[in-house]
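Listed after this line are the structures, all set down as structure tokens.
Both of the next two complexes hold subunit A, though its partner changes from subunit B to subunit C.
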Partner chain A sequence: MLNTFSILSLIIAIPFLGMLFTLFAKEAGDNGTRNVFSVAVFAVIANIVMILRIFMLMEVYKPGLQLVETYNWMQNPNIDIVFGVDVLSLMLLLAIHIAFIIGFIGVRNNLEHQKSLMVWSLMFLSMITGFFVAADIFSFYIFFEAMLLPLFMLLGMFGDVKRQEYINRFLLYNMLGAVIFFVATVLLFNYQHGMLELQQLNNMKLNSRLEYFIWAAIFISLLSRIPVWPFHYWIASVNSSIRNPMIFLISMILPLTGIYGFVRFLPKTLPSILGNYILILQIIGVVTMLFIALIGLINKDRQYKIFSYITVYYIMYMLGILTRNEVILLNIAFSFFSYLIIVASMEVFSHYIAKEQNQQGVLDDGLLCAYPKLSIIYSFMTLSAVGLPLSSLFLNNFLILSDLLAVNIKMGIIMLLSLVIVSSALLKELFRLRDAEKCALTASGQNDISRGIFSFMLFICFVLLMSFIKPLWFVIGA
Partner chain B sequence: MIANSVFVLALWGALGSILVSPKSNRIMSFMTFMITSVIFFFLSKNYLAGTNEPFSFEWLKYMSLQVDIDLSSNTRKFEQILPIFLLSIIAMLVAVFNSEEMRKQRFCCLVALNLCVVCGAVCAVNLMQLLICSCLMTVLGFCIIDDMDARKKYAFYNLLADLSLFSVCSLTYGYIGSLDFKSLPMFDKLGAHRDLVAILLAFAISLKLGLFMFHNQLYDLSVLHFNRLAYLLFCSTPFAGLIILHKFYPLTSVSAYGQPILKTLSVLTVCCGIYSALFMNNIKEKTIGLVQILFGFGLIQLLFFSADFKVIENIILFGGAVFCLMLYAVYYASSYELNVSKMGGFISGNKFGFLLQMIAFFALLHYLLISFSGNAYYVALGFAAILTIVVAHILRQIFFGETHADERVLAMLKNPAWYLLFSLLALGGLLASFSYQKALIETGAMFILFVVCLIFYPLRKTEALYNSELVQESDAFETIFDFLIITPLTILGRILWLLVDFILIERTIINSLRDATGLMIRSVSKLNMFSAKLYIFYVLASFGLIAFLAYMGNK
Partner chain C sequence: MLAKIVTFSPEIFLILALPLIGLISRYRSSKTAKTFYSVSKIMLLLSMLATVIFYNRSPFPMLMQNNTYTTLYKIFIELLAFGTFFLSCKWFLNKNRSSAMYYTLGLGIILSLNVMISTVHFGILVGGYFVASLLQYFMLKLGAEDYEYEEGGSRYFAFMFLFSGIMLMSALWFHAQTGSWNYEVVAKYYAKHAWNVKDIMAFSGIFLPLLFMMGVAPLHFCKIELSGLSILPVCMLNNLLPLVGGYAVLLCLLTDVFTSMQAVYLPFLQIVAIISLLWGAISAIKEENLRRMFGYCGVYSLGFIILGILPFSNNGITSSFVYLVSYLLTMWGVYTVFFAFKSNGEYLSSISDISGVFAQKPYVSVLLTVFIVSIAGSPPMLIFLGKLQVIDNMMINHAYGEVVVAMIALLLLLNAFFKMIRTMFFEPRSKIFDRADRGIYFCLFVNMVFFLIGILNPALFIERFELLLEPIMR
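Right after this comes the complex of A and B.
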């Protein structure tokens, strides 16, 4: 199907159009208008509806990319842009969109540079949607790099006093990854004498020297996005310096692109050269997990604790993907769905707590006792995050871990230990926030989250619970 | 029948937990009590009729995983579920009528939900169903505990237990490829890392049951309302521990470590329970000590003598309930006096209560003595003697001798509330009904021992320990865990943070890269400076390079 404007293109276009509308929308004023916010939220909701429609159109358990769209971009050199989705990419897209709605809720009252925030966020959403539907190496590369621009701009606008330093790190690591990936793409392009669909990578035969270089390049560029040692440092610095939940969310989603890259690039049957790389990666991965988990345990910054939780889980998913087990991939998709929503909610409400703490001029010990609705949501999210059966994290992590333990027991044990440590850190934080004896405020509920947000978050809790019962509960006949 | 009961209770419990209103507090809790009682009645009827009713629901059907939810009814399952139902009804009854319980509706609904989860755990035919039920019991227990300090250890210990169990299930499933309990014995042939599996399992069971070393989580619960404490002690996560032990029993023997660890811990738990029951001043901590003795004893009988699980469950559940109600009755009668050192001479205002307590206790002893044979019987006999001495010692301090109570307590001394006495009588009657004329001599001997202890009060010197801060306040295992686990992890975390993040990455890699970039920029800037000398130098250097290449080419 050539040059047909179709549904996958549409889900890239909707946030982009939303961005354009937002650009021309009226800024929030004293009269309470929220045009910018409303347009942005509408664009995301519209895209969620489209994503749900795509779920209806596809056969969810069928392997391989579906609803493939091909656009001939250039004749000489011959470059085709190919889009396609499978259940993994769609689940991730749905989770990201829901996380964006939660993020927008977190910044709805933040009127400073609101338009810029919404515009760049929607641009990021459009780019990352493109990234997840990209089915050829060229569009994959374009979207992989294009999504850095909005984050770069957001960091510059909303970062704290040390933002210059963090932007330097951000550029240093990401430029390194981008250049290496670009070289690998060009080499592959020349080697194949034309564009390459990602599915064809599975069958690609390379000569040994080229193979050695290309896989090293792809691994390093993908790893530059994932918080494994030493790449974790730029992500940690950026994440712990940002006090805007929406930008934290975006920077938290960025490592997902690296993880997803492994899903798309790793062949089903690994060439021998990759065996060494994967072993090294496994060692670095588990060491980073333990390392970050320990730092998260001792660090008093709540944001860092959330970051350490995010890191440990990302690495676990990465190691799961490296096993190249199709069933595990499906479970990772289901697990990721809950994981992204939980982390987004925790970050948004953690930011709310910090804001209230500043406004009330009190310590945050026991603060949740004065905010009953917030307390319910935050507790639910923390308990889900630590792995209790309240979301799809529980069952799907079980399967991922059982596979990883069977593959390598030592790696599995370190992973479990890291999970225990990050879970303990989150629980400890919850108890501190709910310690009634240390609460300096009375439970008036005056500054608690509004009834509307509470209802929405209860709906999100319901979505998570349903994902535990059946991950694809919203797909009829799945 | 079990499936229907679970659906009704789940629906009612969920609705009741959400729609909490101060106006409907008592009515809703009473209705929950009534609904549970009616269900209990029908379950008992079905049990007596020997009903067998299969119920299996296909929950998940992945390529790699099939999980069915089983809630089939049969006599064996009824026997395991009915005691929990009875104790839950007693807990609800107390909650409805006790004025100290403020959030009646919430508590009763949580108990109803917990009953559903217990049914799920008992009926589980696969690892996943049991694992989920165990985790849900942790969540519900967390909600029942209405004190933040008490929640801390409970949550951490149970989280660790659930994660250990999670790991055991993951490992087992990874090797045998099935979640069915029937397939567990296959692990002995197909499995690897047996030591790890057995140790993790023993760890999970010990944490759930609150065995020695992990018992301080139970003692932290002593700040709760007596009724909540009693319920949590044996109907919540400790019961989950028992079920886990029962269902995972084949895995305890796949390694040389599993059973010895559990056996050692159960013996030490009995010792720890005796210590607490005798030396702790707080009446709630004494209760926890008595329940611990029962848990330890139950495990000894299960692990050393392969006793019938049903009997052990009855002893632990009914015995625990009897002890809780006995001491709760005292606590209630003395206007909520916590310290046993401030009691004594309560018999004058509390004769009826004492009599009922005696009946219930001896009914329990009698049941305990008739339930075992062979070597297990002698262990039970010795254990009954220990229990008699401990209980006689506690009751002696409370009911006889010189009173140490405040004037206010003495003036307000009354018989316990009707619902406590009724519950005690019901439990005593139930235990007595299990046997008629067997083991009467042994029970009589225990009675004599009891009277002797009451009269001669042989352990009177232990009273001095009530004033010892070391005994009453210290939490040795918290200090040990803190010293051995938490502090090293914290130090390691700090070292890694400073050494790796700051010194290696920030100061070495990033700064070096920045400096190198700066140096490169400076060098290139200098090279590009407009200068006649440099121009001549570049021209000469180019000639030199050409000459060198030409020379190398000719060579």
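Right after this comes the complex of A and C.
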């Protein structure tokens, strides 16, 4: 062990320890469920504090990975586990942790398998944290695959009657991706005659046959996580069936790992061999975007509308990353921060609306009129999502889109069109929920969100607003 | 003479245990499974201690030679036996059955395997193989009642006899050719002389019985069949110990004695490994019996272990051994969990029996999932280390075809594992499970400690293994 104080290892360990505490906590009775929930929330908050501390320790605008920690894991073959962070990975981690807290709000009153939900969620959080701090190909692969088990367990335990179908799809796509990635990893490791840090991938020289295989393997394995045709199938079926906001959230974070993989693996100057792959990916990407956006517009299910919004944005980010422009990458990092928080909030409150609607047996048209606090939060999130100047999505997406338009005008136009369609789908849904004429038909609204949750969500709105003014506002001296 | 006797003490302790158990069984009035377990435990511990002390001493150098390699395997067998005996004691207490025969046969098998590992004499190897196989057969008969079992047992007996005969004829052939039973003399002879077809057949006669003992496909049929039919302690012992013994002898023969014959057996081993990988994975998918399913996982893992050895580089031998150790530790955990799966005093053996077990036994179910994920080679679990080393070694040797087959087999095997996880976690509970013994939790705890050490600091084990395997390294 080279470092005496390993803060990056600590942020992987905290959710894992939280998971162990949750596992051994007593669940019986209402107090027990609350206890399990509190342990999980505490673990996530503790990690948020640590992440903020890491922001203080690093030079945020310095390129390359910082606070690097190296552990010699194995001598033969000589494998070092390397951790490191930059502003992109840290922004994503912070957003994921905040999204988790919001997700926990959505399941705080859940009584069925609460302990299992918390245990597997924290395990997923620990693995995904490891994934974002991984700085070498082996730790990257280890966490890339390790996060599948908790998600599989969550889908199986909380899925609906159709779970058998989508679990099989989930396994097929993801395990195939993971196995291919493993072979590519070992191949790269051997070709380089030893340890390979992600930063060194830029300088890697491969022979043409190997290059074809390696890049194809990496593209397929990363794409297996992203909702791009033909890999979108499992994500679409999972998201249209899962009705637990926490699991929906976790399954929506998974594509982020594929997107992030492109950031880490693609060299700064793209090798000529990648030209074909990227062209194919761009075509598939924009076509998928347009189709999913149109389906989202037509589909009446609110959750599907959110899913189509998420998918379109993920593909936009992916296409942005493929440009390999440093400024765009930074904008994507800032944009992702708001995007993940907004998506989490929308899903949690959309679920809350659906629950209220079911409990009261009324239509959801105009329902928000009777829930003023919920209405404020949901409206804020929807308006931020569609790109109004309420979060970092506004400016950063503008920059990403302008760059993509400059790269390829046709692709940019289709992308813009898709964004307009998904935004209009979300706005239409919001107008329907706030329809004042139908307000009288809805319930009294006595179950509006509590004052505590409302205050917390107002704080989240403040965080988003500040991210619009200055993305790294919480870092002193940034 | 005294020095020779003292050096021979590891074997003497095991031999002494046999009449001791017999005497207790005959004359002691209050005797339970615990009594026989205690005797076996003490004798095993003494034998282990003596094995370590005399790790490089040989009482009869022309017949048996000890070194770090033999000591490593012998200790490994005895540790596994120690754990198995402990869990089996719980089984016999629960069933209120006599365990004298089980412990006697178990110690006899350990003794024969130890002799097989240490020997440098073809005659003793054949004798050890025959005795070990025969004792295994008698052990399989413990608890055997139904017709199906009788049929499977008879089949095993016939094949065991056949393979012992083939091995004997091969040993006689080598003796006729070289004039000696000694490994070294045979190795020297064939280093100077060219191989002919009869020599190759004789070599196969040594080689195939060992593969049969290990349960490598396509010679795995008897082992798998009886796994599903035999009682749990027998199933555990017969699936773990002979594998280690057979592997140790096979590796020693291939690297030290039949070195000059690599061109013949390398392609053969490749084929056997690929068959094992695919056969194990495909058969596991449709299997409904828990023990047989894990038996097929063993066949699949053996494919990996054999692929790892090829082509007998130092890296290959280490990677194969790491895989073997990780596999055995994981399987020991799996069998320990099987001892906890009990309903109305009956040990469960079908996958459908454990549906919804998570609701009542969450910790045991989670641990079994950990073991399953480990066998699947998923990171960062223990077998991932073995898988990584084996695949890395295959890549170094440009065996890309084998890598593809191994990965396809892995994907197939995952189906079987996920079916089991689904049954345990996602399906409604079908039975009320009995409370598991504290000793089982203790075993699982110990297993997890080793597991965690292996995952967090694999170098700690791997470096030591490399040192201990030095006698067969090049």
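Here is the rule we go by: the second predicted complex is superposed on the first by the 462 of 478 C-alpha atoms of A that agree within 3 Å, B and C clash if a C-alpha of one lies under 4 Å from a C-alpha of the other, contacts with A are read in each partner's own complex, and residues count from 1 in each chain.
By our rule, a residue touches a chain if its C-beta (ideal position, glycine included) is under 8 Å from a C-beta of that chain, and two chains touch if they have at least 3 such contacts.
Just so you know, these numbers come straight off a predicted model, no measurement behind them.
Overlay on subunit A: subunit B and subunit C fit together in the combined arrangement. When the two complexes are overlaid on their common chain A, residue A:284 makes contact with neither subunit B nor subunit C. When both complexes are overlaid on chain A, the residue A:216 reaches neither subunit B nor subunit C.
Of the two partner chains, neither subunit B nor subunit C is touched by A:58.
Residue contacts after overlaying the shared chain place A:46 against neither subunit B nor subunit C.
Once chain A of one complex is fitted onto chain A of the other, the partner contacts of A:187 are limited to subunit C, with no touch recorded for subunit B. By the touch criterion defined above, A:153 reaches subunit C but does not reach subunit B. Set against each other, subunit B and subunit C touch different numbers of residues in subunit A, with B touching more.
By the touch criterion stated above, A:76 is placed in contact with subunit C alone, subunit B being left untouched.
When the shared chain is aligned, no partner comes close enough to touch A:376: not subunit B, not subunit C.
No C-alpha atom of subunit B lies closer than 7 Å to one of subunit C in the superposed arrangement. Touched by subunit B in one complex and by subunit C in the other is not one residue of subunit A. By the touch rule above, subunit B contacts subunit A in their complex via residues 59-60, 62-65, 128, 131-132, 135-136, 138-139, 142, 148-149, 151-152, 155-156, 159-160, 162-163, 166-167, 169-171, 173-175, 192-193, 196, 489-490, 492-494, 496-497, 500-501, 504-506, 509-510, 513-514.
By the touch criterion stated above, subunit A contacts subunit B in their complex at residues 168-169, 172, 229-230, 233, 236, 291, 294-295, 297-299, 326-327, 330-331, 383, 386-390, 394-395, 398-399, 401-403, 405-406, 409, 412-413, 416, 419-421, 423-424, 427, 431, 434-437, 469-470. For subunit C in complex with subunit A, the residues that touch the partner chain are 315, 318, 366, 369, 373, 378-380, 384-385, 388-389, 391-392, 395-396, 403, 407, 410-411, 414, 418, 421-422, 425-426, 458-459, 462-463, 466. Residues of subunit A that touch subunit C in their complex: 23, 72-77, 141-142, 145-146, 149, 152-153, 156-157, 159, 163-164, 167, 171, 175-176, 179-180, 182-183, 186-187, 189-190.
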